[in-house]
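Below you'll find a set of structures to go through.
Both complexes shown next keep chain A, but they swap its partner, so chain B is in the first and chain C is in the second.
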Partner chain A sequence: MNTPPDEIATALPHRRHIVSLMTIALGHAAIGVALWLQPERWFNTPSYANLLSVASTEVWGSVYLAVSAVMLLAVWRRRNRFLVVTAHTAGIALVGSWLIAFFVRYLTDDGTTIVNVVSWATFLAILARSAIIIDDDLGTEQVPAGESNE
Partner chain B sequence: MSPVELTTIGLAVATVISSILVPWVLRRRAARLAASDTNVVSWQSITAVLQEERDKLRSQLDAAAEQNRRKIAELDADYGSQLQAARTRLTALETEVARLRDRLREYNDPHIYPA
Partner chain C sequence: MTDTPPPNDPTTHLVPARSFGRRRIAFNLLTVAAAFLGVGTSLLLQPDRWNRAAGYANLLASASTITWGSIYVAVALVMAAAVWRPTLRVVAVVAHTAGIALSLSWLIGFVVRYLTNDATTPLAVLAWGAFLAALIRSAIVLDDGYEPVALIHRRKAP
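So, the complex of A and B:
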């Protein structure tokens, strides 16, 4: 089946960072919901002790859900560059700060492993990769009249 | 400094650095991509070329269709008038045949033309 050129231009390139962003948004939403609904599990896991000393599970859960909401909004309004960049920035800030927290925990506590640091670094790398390809995707995407790229 | 304090500082530093660094890096990257002539394959340019080609073909097709319509109208008009003329002539011939038959009947009538 032949695909009209207009559809090729809008269907192919911009999907890469949007797929990453949607996956990450769902991940954030899952963490946010879990922080709200299962606080005891988080308190019972020593790795999160420092983070939960800084803020409660409700606060962290709200932050995760808010970032997830911004990401999902960016997925929906994916041609809005400002929104997409904001969503990635918020995600990187949140994941990056948790990575720092796990790194501090790893350095200050002999009872922890490197696994959390590696896991969150991987999470951050996916988010960073998604952010880097935004302009590859948006720059090559055909923007219909009336929709802004900024 | 306690681990919690270190964590708090780490969270704050990571948040501030990310908030500044990420938009800055992305803005620079966007500017570099925009300035580069050897940008990744531009789907916009491919689409523009394809659309131009499609418009050209569409206008050619429209022109050909219009020409065909005109030709058919001309043929209709031409054959229509020829058909009308043939019908008129046929009617005239039928009238003539009827008149001749009447004449023939008169010639064969012994009351009019006795042998």
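So, the complex of A and C:
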């Protein structure tokens, strides 16, 4: 074994939250670009009427791109705890607000499906999971003394 | 939490931490299973909502909402079974294979619809892309639950 055990211990949790954060960051970037470049598609779909009455596609697109940029920055500077916490907080706030809007729309409009509710709930679960494991270290995964691990 | 001794401490030895992979599989599979159960239940109980939405026309032309709903619920149940019985490798492999096949087929359907219909947004493409990514990630770490993925210090027996 060439790699020191302590290095292994700190590498695993970081890798786990990076995968989650990268996935959501790329999704947010794609939504932001689509909101900027294809606003008519969003106006044509009834599911987004609530959200687009609160802010324009340009504003929502900018918010998504900004949050995505912070998340990518947090992946790049993963040891900077302030940046990582900011990225998760912004992501959870944005996804949570859209989830509530989709849920309200689903309950009040028979022309919408549950897909957006399910999708944003999944994004929220991934972000929440990522936030929970930030502070994980190998110590929390250790087998209690005296318990067989073989 | 146990204090981590220095690497060369002669009173300790390294043992594999086997719980990482299983916990990661459980989270990803449970998340996607819950989503699939929601979609499947909605397809079975609210077919009119799906038939009215433009984004699902391609998929509902190939099979009815009842058929798709049944498939989603069945795959969700297999995934839940895989989480419930993590040591049964065949159930885990079947759950991942079925989930990836279903996600991929719907993802392709959404991509085609997005490219051919100006009234659809990329949200469904992204959502099913995220489901697929979560399942692929889960499949990659599947064997981590059965093989050592990290070494931890443990006190040697006196």
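To be clear about the criterion, the second predicted complex is superposed on the first by the 123 of 150 C-alpha atoms of A that agree within 3 Å, B and C clash if a C-alpha of one lies under 4 Å from a C-alpha of the other, contacts with A are read in each partner's own complex, and residues count from 1 in each chain.
Definition applied: a contact is a pair of C-beta atoms (placed from the backbone, for glycine too) under 8 Å apart; a residue touches a chain by one contact, two chains touch by 3 or more.
Here the structure is a predicted model, which means the values were calculated and not measured.
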| item | value |
| --- | --- |
| Chain B versus chain C as contact partner of A:129, first or second or both or neither | second |
| Partner chain(s) touched by A:51 [first = chain B, second = chain C, both, neither] | first |
| Chain touching more of chain A, residue-wise (chain B, chain C) | C |
| Touching partner for A:99 - first (chain B), second (chain C), both, neither | first |
| Touched partner set for A:85, first chain B, second chain C, both or neither | first |
| Touching partner for A:37 - first (chain B), second (chain C), both, neither | neither |
| Partner chain(s) touched by A:59 [first = chain B, second = chain C, both, neither] | neither |
| Partner chain(s) touched by A:114 [first = chain B, second = chain C, both, neither] | second |
| Chain B and chain C footprints on chain A, overlapping residues | 5-6, 8-9, 12, 139-142 |
| Footprint of chain C on chain A - complex, ascending | 1, 4-6, 8-9, 12, 16, 19, 23-24, 27, 30-31, 34, 38, 40-42, 44-45, 48, 110-119, 121-123, 125-126, 129, 138-145, 149-150 |
| Contacting residues of chain B [partner chain A, same complex] | 3-4, 6-8, 10-15, 17-19, 22-23, 25-26, 29-30, 33-34, 39-44, 46-47, 50-51, 54 |
| Chain A - residues contacting chain B, complex | 5-6, 8-9, 12-13, 50-51, 53-54, 81, 85, 88-89, 92-94, 96-101, 103-105, 108-109, 131-132, 134-136, 139-142 |
| Residue ranges of chain C in contact with chain A within the complex | 1-2, 4, 7, 14-20, 24, 27, 31-32, 34-35, 38-39, 42, 46, 48-50, 52-54, 56, 118-124, 126-127, 129-131, 133-134, 137, 149-155 |
